[in-house]
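What follows is a set of structures to go through.
The two complexes that follow have chain A in common; it is paired with chain B in the first and with chain C in the second.
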Partner chain A sequence: MNNKHSERMGDFKKMVGEPFLLVSIIVVFYLLIVFVIFPIYKVVKTSFVYDGHVSFRNYAEVLSHDYYIRPLWNSMILGLLVATIGTVIGFVFAYAITRTPMKGKTVFRLVATFPMVSPPFVVALACILLFGRAGIFKGAIGNIYGLTGLTIVEVIAYSPTAFLSLFGILQSIDPALEEAAMVCGASRGKVFRSIILPLATPGVVSAWLLVFIQSLADFGNPMILSGNFSVLSVQAYLQITGMNDLARGSTLAILLLIPTLLAFYTQKYLVSKKSFVTVTGKPTASTIKNLEWYVKLPVYVVCVFFAGVVVLFYGMVVWGSFQRLWGIDKTFTLQNYVQMWAVGKDYIRDSLIIAAIVTPICGLLSMFIAYLVTRKRFFGRGLMEFSAMLTFAVPGTVVGIGYILAFNTSSALMPVTLTGTATIIIALLIFRNLPVGIRNGIAALQQIDPSIEEASIDCGANSGTTFWRITLPMITPALFSGLANSFVRSMTAISAVIFVVSGGWNLITVAILGFVDNSQYAQAAAMSILLIAIVLIALFLMQLATDRVGKGMKVGLMEGEQS
Partner chain B sequence: MRKRMVVVLAILALLALPLMAQGTNEQPAKKNYQTLKMYTALDTEEAQYYIEAFEKSTGMNVEYVRMSSGEVLARIEAEKDNPQASVWFGGSNTEHISAAAKGLLAPYKPNTTFELSRNFHAADWAWSGFYTGAIGFVTNKDFLAKHNLQAPSSWDDLLDPIYKEQIEMAYPYTSGTAYTTWATIIQMKGLDGALDWWQKFDKNIHQYSKSGTSCIARAGLGECAVGVGFSHDIVAKGINQGYPVVISFPKEGTGYEVGGVALIKGGKQPEEAKVFMDWVFTKEAQNLFKKYSRLPVNPDAEIAEGAVKLSDIPLINYDAQRAGLNKDEWVKAWRDRIGK
Partner chain C sequence: MKKTDYLLLKELTKVFGEGKSAFTAVDHVSLTVQEGDLVTLLGPSGCGKTTTLRMIAGFNTPTSGEVLIDDVRMNDIPPNKRPTAMVFQNYALFPHMTVFENIAYGLEIEKLPKEEIRRKVDALMHQISLDGLGNRQPRQLSGGQQQRVSLARAMILEPKVLLFDEPLSNLDAKLRMSTRLEIRKLQQRVGITSVYVTHDQEEAMTLSDKVVIMDRGTIQQIGTPSEIYSHPKNRFVADFIGKANLLEAKVVDMTNDAFSVEFSGKRITAPRWNKEIKVGDDVTVVVRPEAVIIQPKGNNDLLDGVITNAVYFGSQMLYEIQIPNKQILQIEVADPQYQPQFPQGSKVSIAFKNRSLHVLPWEQGGNV
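For the complex of A and B:
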C-alpha cells in the first residue's frame, strides 16, 4: 500500500518534471471531453428535458407510441440476424483463408473486403435491380422490401467486418496446435470444439458485436429497402431532420445506444475474463494439410457462394451505371457519368480535402493516445482509454445527433459555433475513426519492449521526442493501417455525417444518397463507382509509398480493419 | 520515419490538389458580391441547372445544400439564432407559409416586369411563388395493361384492393409533395374524414419515402404501380425520361403547390439574396423551368410541351395558408392515426 502510494507520488513528480507530457495529456483530455463525451452527454440530457424541465416524458411518450416501439424491435431483430449470419460467413471465410489449401485466396480476400470500400447503400440499389418487383430475378427470394431484403444487403455489406477481425484472430492461432491434437487422435470436430472455438471466442464475440452495431446504425439501406419495416436509425433521422424534434430524436438515439453499450461492455467483461490468446507476435501462415473433404466442401461452398453474390451485386451496379435508363433502357451510355460529374465534382473535391485533413491527424493522434495509455502512468489513464474507445460502441446516428446538439451554439467548452463549418465534419470523422487506430497502436506497442523508450528518456529526451523519434518509427505498420482505415471511413461514412453536412462542405456519400432519394439510380451508381475507384487508388498509392520507404510493411484494408 | 510521413502526406495532398485547383479557378465575380448561401428543396441536378445560370448571369458565387422542404424548414428553425443561409429556393409554399408564421422569413417584394398573381405570394411578401404544379397520379403502364385497368381517375380509385401494397409516396412530415397531398385530402373531407380515408389508403401503401419525387421513377421501374406526386415532376422525371408511365388526375379535384422562394431572416447575405429573388422572376430564369416541366409564373416565359396547365385540371379551392399554419397539428394527427 505504502509502496504503491510512493510509486504514485513518483509518477506525479515525473509528470511535473515533464511539462510536455503534462500539457499533452491535458490537451488530449480536453479534446476527448469536447468531441466524444460532450456530444453524447448532450444527447442524454436532451432526451430527459421536456418543456424545459427534467422529466421522463420523452421516454414515456416514445414508449407509448407504436410508431416508435416497432422500429426499436425491428432494429433489434435485424441486428441480431445480420450479426449472427454475418459472423458465421466471416468465420467461414477466415477459416478458409487461414486453414485450407483453397485456390485463389487473394481473390477471395479481395472480394470479401470489397463491400468495405463502397458506400453501404449501393448494395441495396443492386438488390432492387436484381430481386425487386421488376428486377431480373423478380420474386426469386420473395419480397425484398422489409426484413428479408435488409438482412441480405446488410450481411453483404457488413460480414466483411466480421471476416477481417476473425481473420486476424485465426491467423494468430498456430495450426501446429491442431495438428498436434490430431496426431494425438482427436477428431476434426473435437479439435474444432476444444481448440479453435475457445481460442477464437473473444474474436467471434467482438466480430458479432461490430456487425450488430453497424447494422443498428445503418441508414442508407433501410432508407431504400425498408418497406413497412421501419428501423430506429431512420426514425431518429426523420424525427430530427423531418420534424425538427430534437428531444424525441435524442430519445430514440438513446434507445439505440443502450443495447449496444450493454453488449459492448458485457463482452469486454466476459471475454477479458476468459481469454487464452496465444499471441506469438508473428502471424503463422501455414495451412493444414490433409483436411477432410467434409470440412473443405461446405467451407468452399459458402466462400464461392458469398463471393459470387458480392460479384453479382457489384456487377449490377457497374452495369446499371452504364445504362441509359436504369433498369428500363439498357443501351450503353456514358451520360450518367457526365451528369454525375457535373453535379458531383464539388462534392468529390470536398470529400477528398476533408479526408486528406482527417487521415494524418487521426493516424497520429491515435498512435499518441495508444502510446500514452500503454507507456505512461498518470491519473485518469483508464478514463482516457475508455472515452477514446467510446465512439466505437456508439452508433453513428447518436454521434451525429450529439454533434448538432453540442456545437450548434457556443459553450464554455467550445467558444465558437462549429455548425456549418468544415471543422465539425473533420472533428466528427477524426474522433469516430480513432478507436481502430488506438487498438492497432496498443496491440503493436504491447509487443515492443519498453526498454528502448526508457533508454531514450534516461538519455535526457522528453516524452515528445521519444514518441516521435523512437516509438512512432517502431509502430509504423500500425500507424499506416490506421491511416488507411481512417481514409476509407472518411470517404464512405454516412450515418453520422449526414447530420452535420452544410452548404459550404458537402460529402460524396451525401450526394449519392441525394441521387438515390430522387431515384436517379444510375447516377448514384456512377458516383459510387467513382468513389470506390478513388478509395482503391488512394489505398494502392499508400501501399506503394509504404513499400518504397519500408520494406516488408503492409498497409491496406486487411490490416486497416483488423481490430 | 519522417520521410515516410512526408511521402504519405504528399500523396494525399496530390490527390486533393487538382480538385482544389478546379475550385479556385472559377472566374472572378463581376461585382463585389459575397458568396450567397442557399437552401434548396429542388433536386440537386435541377437546382444546379438554375444556379449555374444565375452565377453566369450575375457573376455571383452560390453555395447551396439540397434537402427536402420539410428538412429545410426544420434546419432554418434549428438555426434561427445563427442562420447559415440567406435564401430558401424551392419546395412548396406550404412550408414557406409555416416558416413565415414562425417568423423565420424576411419579407421582400421582388422586382418583376409583371404583376404576380395574388395567390402566388404572401400578403406581406414573406415568400413569393415562382412556379406552380398540381398533385397527380403516376401509374405504370405495364401494370395497367396486365390488370386491364384504366389509370386511377379519382381519389377513391386509390383504395381499390388491386393496388394493395402497390402505391408509394413520401411521408407527409418529410416532403412538401406528400404534405400538400395530405392537406388536400383534409380540405376535401375534413380532418376526421381524411384520417379515415387515409387509414384505408395506407393498406395500399408499399412504402413511404423521404423525398416526394422518388415514387415517380419507382413507378417507372415497376417497383410500385402508382405514385402520388406533382404533375411537373411526373412529366419531367417520369414521362420525359422514357419510363413507361402515364399521368392522371382525380376528377373530384386536386390540390396544387406554388413553389416558394424566400429570404431567410437574419441571413448574412441579404443583398445577394435579393438579387437572386429578382432574377428568379425574370423571363430568362423562368424560361429555364421548361426543362423540368414546371409552369412559370412570368406570363412572358415559354411553357414546356406536354406540361400540364392548372386550367386543364379539376382543382379544389386549395388553401395553402391554412395548410401551412396547421402543419404541426395535421402531421401529428396523421402520425397518431397511421402510426408511421
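For the complex of A and C:
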C-alpha cells in the first residue's frame, strides 16, 4: 500500500517537474469538462427540473403521452431494421472483397464507402427525386415519407459503417484457418459455419450496434423523410425550436441517449474482450480462387445490386441538379447552380472557414490526447480518455441541445456567452470530431515502441519536445486520417450544429436542408453536389500530402511495428 | 514390408499471373515418395517448395502436371476430399475451439460416433503428451504445445500423406531441436508418408529419409542427407548445404577412381565420382571446412596460407586462411585443445583430407 502511495507521489512529483506536461493536462481537462461534460450535464439536469424543482415529472409526462412514446418506438423499430439490413449488406460486401475473386474490388469498395463522404441526408434527397411526388419511379415503393423510405435511405447511408468494420474483421481472420478446416475435410459451407461465422460473430454484433447507434442518432434523413413517422431526434429538435420547450426536448434527448450509450458500451465491451481474431503472418489468397459458383453468385448479386442502388441514388442527385424543373421540365440548365450560389455563397464561405479552423486544431488535439493517454501516467487518465471519447456515442441532437443550454448564458466555467458566435460552432465540431482522431492516434501509438520516446527524453528533451519532434512525425498517417475525417465531418455535419447555427454564422448542410424544406430540390441537389465535390477535392489533396509525407515515414513505422 | 511409390509428382508446374507478369513458381517438378518415408523440400525462400506442397494439398491448382496419391490422380479433387492433412507454419489452430474440439474437428466432419471420437482423440493426445489439456483454449498453450495440437489435428485423420509447412519456424532454437526429434520418432512409429517443407538445412538433414533441394522452381538434387552433403551435384547444392570452400581448378590427370587437379600451381587428389569430367576440364573443388589439415609451413608440395583469423568455439576452432590466390578458406578443426593451435598471422601449409573432397564440373557464372 505504502509503496503504491509513494509510487504515485513519485509520478506526481515527476509531473510537477515538467510544467509543460502539467499545464497541458490541466488545459485539456478544462476543455473537455466545458465542451463535453458540461453540456451533457445540462441536458440531464434540465430533464430533471420541473417548475424549478428536481423531479421526474418530465419523464412521467413524456412517457404517459402517446405523442412522445411513439417516436421512441419508431426510433427503435427503425434502428432495428436499418442495423439488421445494413449489417447483412455490409457483411456480404466485406466477404466479397476479402474472400472472393470478384473483379473490380476497388470500384466496389469505393462505391460501398461513398455515402460516408456525403452528408447522409443527400440520400434522402435522392429518394425524393426518385420515388417522390415528382419522381421518375413515382409510387414504386409506396409512400416514401415514413418507415419504408427511411429504412431504405438509412441502409444506404449507414451500411458503409458495417462494411468497414466487418471488412477489418474478415480480413484479420487467417486464411490458414480455413485451409486447416478444409484439409480436415470440411466443405465450403462447413468452413463458413464452423470457422468464419463464429470468429466474426463479435464483429457482426459490434457492426450491428454501430449502425443501430447511427440510425438512432440520424437527424437529417428523418427531418426530410419521416412524415408522420416521427422519431426521437427530430421530435426533440422540434420541441426546442418549435415549442421552445427545453425541458421536454431535454427529456426526449435523454431517452435517445440511454439506448445509444447502452449500445455503444456493449459494442466497446465486445471489441475490448480478447477477440479470437488472429493476425496472420503471411496472407495467402489462393483458396479463394477456387470458390464454387453457388457461393459467388448470390454474393455478387447482392454487391452489384447495392452498388447499383448507390450509383442510382447519387446519380439522381447529379442529374437533378442540371434540370430546369424536376419531373416537369427536363431541359439541361446551370440555373440551379446560379441560384444556389446566389443564396448559398455565404453559407459556403462560413462552412469553409469553420472547417479550416476546426480541422488542424482537432487533428493536433486528438493526437496530443492520444499521446497523453497512451504514454503518460497521471491522475485522471482514464477519465480523460472516457470524456474525450464520449461525444462519439452521444447523438448530435443531445450535444446540440446541451450546447444551447450550456452556452446561452455565461457561467463560472465559461464566462462569456458563446451562442451566436462562430466559436460555439467551432468548439462543437472540434469536440465532436475528436474521438475518431484519438482512436487512430492510440492505435498508431500502440504500434510504436515507447523506447523511441524514452530515448528522446533520455537525450534531454521534455514531453512537449518529444511529442512534437518524435511522436507526431511517427504517427503522421494517423494525424492525416484524423484531419481528413475531421474535415469531412465538419463539412457534412448537421444533427448537432443545427442547434447552434445563427444568422451570423451558418453552414452548407443547413442551407441544403432549407432548400429541401422549401421543396427546391434542384437547388438542394446542386448544393449537395458542390459540397461533395469540395469534400472529395479536400480528401484527394490530403491523400497526396499523406503519400508525400508518408514516404519519409515508412522506415520508422515499420521498425515500430516489429516491436 | 516392401516400400512402394506412394506419392507421385509428375512434371508439376505452377505459373502465377499471366502474360508479362507471369511467374513460374514451380517448374516441371517430378518426384516420387515411397510409402512411410519422410521427404523434405528444402530451399531458400521463393524456391517453390511451399507452392509444391500446396499443390499436393490442393490449395493451388497446377498449371500442368499431375499429383498422384496411391495411384489416384488428385488434380481435380478439392482439398477437403483429398487424403492429405497439413501442419501449418503458424499452427492455424481454431481459436474459438478447445484443444479437444480442434483435434476432433475432422472426425466430427466424418460424422463418427461421439464415443469413438473421444476414444481416438484421447489416445492420440496421450501419445503426443497432451494429456489433460483437452479443455484448454489454444492461446493458453505454449508454442510447442500448440504445434503438437496442430500435428494431432492432422494425424487423427490418418491421412495417406501428411504435409508439414515449416512447422517449427515459430519455435525457439532449443524447442525446435527437441520437437524435430519427436516428429521424426512419431512419424517413423506411425509409418505415415510425409512431405516436409523447410528452409532450415539442419532440420532437413536430421528429419528426412530423402532431401529434395529446390531453387527457382526446379529440383537441384534428390538424395539422402549424406549423399547430398558429400556428393552435391552442383555449386548451388554444395553451397546451400553446409559450409563449402569452392576452389576453381583444372583436371590434369585421372585414374579409375581419382582426379588429380591443379590449383595455384599445386596438385590436389580427389575421389572421382563424376565420370563425365575429362582431363583438361575446368572444375570446382568443394572443400568442406572439416576436410583440411593445417600444418606448420614447410612442405613445398602443399598449398601455402596465412591465418587471418582464429576463433575459439570450445568444441571446435574456426580458422580463416588466406591462400595465394587471395581467396579466404574457412576451416574448422575439431577438439582444438588436443591439436596444435595457430595464432593469427601464422604461416601454414594446407593439406586436404582427400577422400572428403568433391569435384564438380565448372559452371558458367556459378553464383557462390
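We adopt the following convention: the second predicted complex is superposed on the first by the 519 of 563 C-alpha atoms of A that agree within 3 Å, B and C clash if a C-alpha of one lies under 4 Å from a C-alpha of the other, contacts with A are read in each partner's own complex, and residues count from 1 in each chain.
Here is the rule we use: contacts are C-beta pairs under 8 Å (C-beta built on N, C-alpha and C of every residue); 3 or more make two chains touch, one makes a residue touch a chain.
Everything numeric here is computed off the predicted structure, so don't read it as measured data.
Peer 1: Output check: A:T266 vs chain B and chain C. Expected answer is one of first, second, both, neither. What do you get?
Peer 2: neither
Peer 1: Under the stated touch criterion, which partner chain does A:N228 make contact with: chain B (first), chain C (second), both, or neither?
Peer 2: first
Peer 1: Please work out whether A:T465 is in contact with chain B alone, chain C alone, both, or neither, and reply first, second, both or neither.
Peer 2: In the superposed model, A:T465 contacts neither chain B nor chain C.
Peer 1: After the superposition on A, what does A:Q335 contact: first (chain B), second (chain C), both or neither?
Peer 2: neither
Peer 1: Counting residues of chain A in contact, which comes out ahead: chain B or chain C?
Peer 2: In the superposed model, B touches more residues of chain A.
Peer 1: Just checking: does A:A545 make contact with chain B only, chain C only, both, or neither of them? Give me first, second, both or neither.
Peer 2: In the superposition, A:A545 contacts chain B only.
Peer 1: Is A:M182 touching anything from chain B or chain C once the two structures are fitted on A? First, second, both or neither.
Peer 2: second
Peer 1: Which of the residues in chain A come into contact with chain B in the complex?
Peer 2: Residues 65-67, 70, 128, 132-134, 145, 223, 226-228, 230, 238, 240-244, 246, 324-329, 339, 342-343, 345-346, 348-349, 352-353, 355-356, 359-360, 404, 408-409, 417, 419-420, 468-469, 472-473, 476, 480, 483, 487, 501-504, 506, 511, 514-521, 523, 534, 538, 541-542, 545-546, 548-550.
Peer 1: Would you tell me which residues of chain C are touching chain A in their complex?
Peer 2: 54, 57, 59-61, 78-82, 84-86, 88-90, 92-96, 105-106, 109-110, 150, 153-154, 157, 163
Peer 1: Mind listing the chain A positions that touch chain C in their complex?
Peer 2: Against chain C, chain A makes touches at 174, 176-177, 179-187, 190, 194-195, 198-199, 276-278, 280-282, 284, 286-287, 289-290.
Peer 1: Any idea which chain B residues touch chain A in the complex?
Peer 2: Going through chain B, the ones touching chain A are 1, 3-5, 7-9, 11-13, 15-16, 19-20, 22-23, 37-39, 43-45, 48, 63-68, 70-71, 73-75, 77-79, 81-82, 84-85, 171, 173-174, 205-207, 209-211, 213-214, 216-218, 220-224, 237, 241-244, 331, 335-336, 339-340.
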